[in-house]
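Look for subunit A in each of the two complexes below; its partner is subunit B in the first and subunit C in the second.
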Partner chain A sequence: MKMKKLSDIASSRRTWAWPYVLFLGLFVVLPLVLIAYFAFTDNHGSFTIQNLVKFFTQSEAISTFLYSVFIAVLNTIICLLLGYPAAYIMAMKEFRTPQTLAILFIMPMWINFLLRTVATVELFNMVGIPLGEGALLFGLCYDYLPFMIYPIYNTLQKMDYSLIEAAQDLGANRAKCFRKVVLPLSMPGIYSGIVMVFMPTVSTFAIAELLTHNNIKLFGSLIQDYITTSDLLNYGAMLSLILLVIIGITSFFGGDEEGEKGGLI
Partner chain B sequence: MIRRNLSICLTLMLSLMVCAQTNLSFELRVLTNQKTALLDSIPNPLLGEKVNVQPHIILMGSEADSLPYKTADFIVSSAAFGEADLLAAFDSVYSFQVEAENGEMTSLVLWRNNKEIKNAQKRATRNNAYDAMENYLRTQTTPPSLLLTYLYWGSAAVLLLALLAYLFFTIKNRRDEKTMTSVQRETIRRKRANQRRHLISQSYLWILLLVLYAPIILILVYSFTESKVFGNWTGFSGQLYLNLFSGKGGTALNSAIINTVLIALIAAFSSTILGTLAAIGIYNMRARQRKAVTFLNSVPMINPDIITGISLFLLFVALGVTQGFVTVCIAHIVFCTPYVVLSVLPRLSGMNPNIYEAALDLGATPFLALRKVLVPELWPGMLSGFVLALTLSVDDFGVTFFTKGSGGLETLSTFIYADARKGGLTPELRPLFSLILLVLLSILIYINIRKKRQNK
Partner chain C sequence: MQNSKVSQEEILAQGPQAQGEYIIEVKNVSKQFEDGKFALNNVSLSIKKGEFVTILGPSGCGKTTLLRCIAGFQVASSGDILLKGEDVTQTPPYKRPVNTVFQKYALFPHLNVFENVAFGLKMKKLEKSLIAKKVRTALKMANLTGYEEREVNTLSGGQQQRVAIARAIVNQPEVLLLDEPLSALDLKMRHDMQIELKQLHKEMGITFIYVTHDQEEALTLSDRVVVMSEGEIQQIGTPTDIYNEPINCFVADFIGESNILSGTMICDKRVRFCGHDFDCIDEGFGENQPVDVVVRPEDIYLLDNPEKGQLRGTVQTCIFKGVHYEMRVLTPDGFEFLIQDYHEFLPGREVGMLVKPEDIQIMKKERLFNTYEGEILKNNKVSFLDADWDILPEVAAQFEVGDKVQVEVEFADVDLQDYEEEGTLTGEVHFILYKGDHYHLTIRTDEGNDIEVNTNDVWDDGDRVGVVISAKDIRVKKA
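Entry: the complex of A and B
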């Protein structure tokens, strides 16, 4: 009798997730399926691959796409090069960095990024940097550097420090110790940092517009343009689907370390 | 050793020279600023009144209506004005163009799509405009803006001081080392190397922080001036703060603030409840089921906001739902809940799984057991999930943009975007975000201090 009751309770608690699963199905899975549906249909709802063909034949879309990926890769590299040393310095005990600094590095993430971007544009105007490709990279780096620093800092901080001491005791010099011990151990952080920077950069749409006075169009802006024009909605959906594929590939390679974000507080 | 010192000295000298170079070009800018300040007070032919701003970009043509030239102070739009007005406005625009030809002010004029008009006008009014401006400039003087001068000279001075200090200490150290034994010399060198490493690493961090915070500091500084245009200092004033609190920032801003807060609260509350229940459910699932749901849960987190936004937009289009407040709320719940689930799950695995069952055995209804047993245990996770959802919702732009519909609903993010596109931010946004920044900063520092105290 008692056993039956226990199993009842267990199953009833499992059902607590059902509303959420239903919710996910309706508002996450179905919309993603709809992107694919709209991408492969025309205005009247009949099946077509015209949109896909259009993407590969229309030079604007494909060149914008390649350019966006290029900018995103470049931005990710810059963020990694700037962010890794910062995370390393903050996480390693030998540098005696105060803990508050780490928080200061995450802080900008909490301020509206559009306002930050507008302020960045203003800063460029004051110092006399022309708005263009350079400004775009600079601004993107501003916006996404914290996303690179945070996961790397997290992994480095959790790393077992005695491993480094052991390496040093065994005669490794600084460079070798870094190359053979610290870097391999921080790889998960680097991966998730790359994912967290690359994915928003490749899909960004408002930042590029503000930073370049709409002179440079990134893929996100292109999608935005098409999606908001009702005639071209299906083509916009196709472009979104392509972006989604890129995102899927990236997150597959990066592993899903996105959960790192959940520990911000 | 000497070679390395020499190279460091050379680098410093070089950076000093670069700094001086920027300074030189900066003086040119100050000069042009002075002139632009004068040009500002030339009557704008379109408005027939004196414009008290620094023109950065003059925009003409039909694109003026749609493009985000926030720094444009003269916006001549073909939709609002006829061709005659365009041509009338042209004189003042043309004046800037002349300046640009003189090798200054090149950044001030931006032409788009109006080459033909420009060329026609060039022939006609070149001399007139130039003469008029020259005369005007001769009769007027205004003080130059000093902020950047201070900035440049300040950085130059700091660099120079650093260089001098470096030279001083190297010479002093060299002299000290002469009287030491070789062992002493070795230890002291090692110590110094450590100190240097520490200094370099810390200054790297601080410089990076400074660069990262420069725009934010700019917002903070310019919240204390009344100027309508961001980046234009018209004297210290707390007027914007007063405006913000008395609601004079315009009804659009006020409703955007209210919408943002409302949506954030609704989304955070709903997603906390939904997410907590889901987390409890997921925790009690069998492995394979749990894996599937956790994967599904991570999808909205991996998706960039543009994809989430577009997919929901398409859903609402397909369902024929009118988009507005409700759809934005739903969309925010979609991307907030996964984070709540992830904040609550670790608390669940940390608690004793038997106490809930014990409560049921003692006669509690599942709801009572949830309230009296589970919630108190999960409270910290729920709270951090709630706060995270709140900040995510307030900060969101991409999803809101696609789901807000065309009913004129604006949250702060979309309001800023629309504002920046139109040209010129609503000035009251500066004090608003300065306050948010200060509150956030103090909360984070408080949490940090408390954590440190607890650790002790």
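Entry: the complex of A and C
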């Protein structure tokens, strides 16, 4: 009798969900609550909105934030411009791209980005290219390009080739066929790519630190600075919260078109 | 309005003959793929304006490749394709005045019904109001009025098919190409759509080229049927021609049900098969010539009195098929006939069978035995079909090593083995024909050669076999 009960418990879906609920609670919900708590308290733990006011009045944080967004947008655009053609060439069978090429494009994803960034710094030093904004952009692009290519490649590859033939059949030349059929149908992949490149770039700090010798500060670096400085921890938490809210809002924009034929997310 | 309608009817009444022009001419077109295999082998076909032509054949016969060459999605390796007398062999698809209805519809999922149908017109940069008008007309013709704003993936298969048809006809193409458009629909829907397509063809008066593997569909819809097999056209003719006078065993077997038997043409209008002489209406085969005989199951009359017919037999099985009964009748000599009759003849019953002269279709035998080029080798061996075979020493003695010879093997002398390794060479069962009392198989060897075999054993299409020919059965002649 008891045995049966045990097996019932073991086989119910609810039981199996518990470890995940616990994990999510501990490592996602709790940290978020803590961030919010610290963001709206002062050093002594009493409630305040001073941190929020400080963000909007202190020009340094805002300008760093805007600069981060600028860098992230720029990086996303570069990744899109470089990544889309690459994904297209890999996915379209008319180009007969060998499988190895596809793997080479995706392979950087296999290696930790810090490792790659450190290697890039060494490479730049060796060749004698000065570190700075250009190096930063290069590093970001190098690190995040696969995240743009992969979702786009994925949607393009799954696309029914007869749709392209249908467009040609109806009088669309190559350019029109691309604009009217291929591009609209690859939008889910583009959205995924943008989200996957933009979001981590806005909050990046390690790449900026390494590739600019800590000369250029991104929003992520700023947060890191504040949080490691103990008396500014609450302000750092507020900046994190603001970043989180803004990223949340941006991901809502692409949200409605995804899901259906989504690229990666 | 009235005027233009009359003139259109007049054109239709005159028929394609009166206009005397071919809208599509396919001249000696071959398509060879990278692996060297021919999808199309020297195909020639002329299609008149306004015709409904169906290209019919089993999967892999090249029918879709031919259609895609006409549409421009594939470029012929050699030969020419002419559209209204103009060479379009190298013309890209978007410049050809043809439109295609694709097998899986290929509707644009990001556009609604109206936008899908309007796609081609927008490419032509027509005025917006004109586009709307034309799209409405096309949707009406396809019975889709009211569906303009619907997303295409909310439609049923039949509705999607209608959108695909509307999207093609709205451009008023010279030729409408249809690539197995009904294959994804269920039977009932398919029949309804067949009638609608036929109606559409009549209304529009444009040329339809329709690809299908469904012989019933081909016979129902077409003015002319093109039967294809292995990249070659087997026969072109009206549905009745194709059905009543198949040109070879492949066509007879592929179109409808048939009894195919080996026989001998005794003289003009007299043929012998199953041990009986029959009157027939065919002439010009010569005397005592081996032929293949085709009798359709509905053309054999069953008689209650076994003595009365030309042949007698015992009913083996009887299946009710709705309109008729389908019986298998075995003659004392071991020939099995498939017979359809409105009356039921129960298994075990003795019956007579009668065939009218005009219902016997005679076909010249393409081959009487296997013939190959070979070369004499050392140690009483001969090489042909990319393998070395033993021959009798006394036969080998008549030749020098290295002599080029012609090798002949009777169909019945080829042995097939279940275990490939037991064969001198290996291959695959490629085509099966039931000849009443035996099976006639075509074995395609791994090197791509064909061996024809008569056997009583039952094999399936695609079975792997080992081929054995004993030394005494290999005839060797000077080349």
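As a working rule, the second predicted complex is superposed on the first by the 241 of 265 C-alpha atoms of A that agree within 3 Å, B and C clash if a C-alpha of one lies under 4 Å from a C-alpha of the other, contacts with A are read in each partner's own complex, and residues count from 1 in each chain.
Everything that follows uses one rule, which is that a contact is a pair of C-beta atoms (placed from the backbone, for glycine too) under 8 Å apart; a residue touches a chain by one contact, two chains touch by 3 or more.
Everything quoted here is computed from the prediction, not taken from an experiment.
Per the definitions stated earlier, placing subunit B and subunit C onto a shared subunit A by superposition produces no clash, and the two fit side by side.
Chain centres taken from Cα atoms put the angle at subunit A, between subunit B and subunit C, at 100 degrees to the nearest 10.
Once chain A of one complex is fitted onto chain A of the other, the partner contacts of A:Leu32 are limited to subunit B, with no touch recorded for subunit C.
When both complexes are overlaid on chain A, the residue A:Ala166 reaches subunit C alone and has no touch with subunit B. In the superposition on chain A, contact of A:Ile247 is made with subunit B only, not with subunit C. Of the two partner chains placed by the overlay, only subunit B lies in contact with A:Arg13; subunit C stays clear of it. Among subunit B and subunit C, the chain that touches a larger number of residues in subunit A is B. Of the two partner chains, neither subunit B nor subunit C is touched by A:Leu22.
In the composite built from the two structures, the nearest CA pair linking subunit B and subunit C is 6 Å apart.
No residue of subunit A touches both subunit B in one complex and subunit C in the other.
Residues 160, 162-163, 165-173, 176-177, 180-181, 184-185 of subunit A are the ones touching subunit C in the complex.
Every residue of subunit B that touches subunit A in the complex is listed here, in rising order: 25-26, 29, 56-57, 67-71, 107, 110, 147-148, 197-198, 201-202, 204-205, 208-209, 212-216, 218-219, 230-231, 274-275, 277-282, 284-285, 289, 293, 296-308, 310-315, 317-318, 330-331, 333-334, 337, 339, 341-343, 356-357, 360, 366, 384, 387-388, 391, 394-395, 397-398, 401-402, 412-413, 416-417, 420-421, 425, 429, 433, 436-437, 440-441, 444-445, 447-448, 452. Against subunit B, the residues of subunit A that register as touching in their complex are 6, 9-10, 12-21, 23-24, 27-32, 34-35, 38, 82, 85-86, 89-90, 95-97, 99-101, 103-105, 107-108, 110-116, 118-123, 125-128, 130, 142, 145-146, 199-200, 202-206, 209-210, 213-214, 220, 223-224, 227, 233, 236-237, 240, 243-244, 247, 251, 256, 258-259, 261-262, 264-265. Residues 71-73, 92-94, 98-100, 102-104, 106-110, 119-120, 123-124, 167-168, 171 of subunit C are the ones that touch subunit A when the two sit in their complex.
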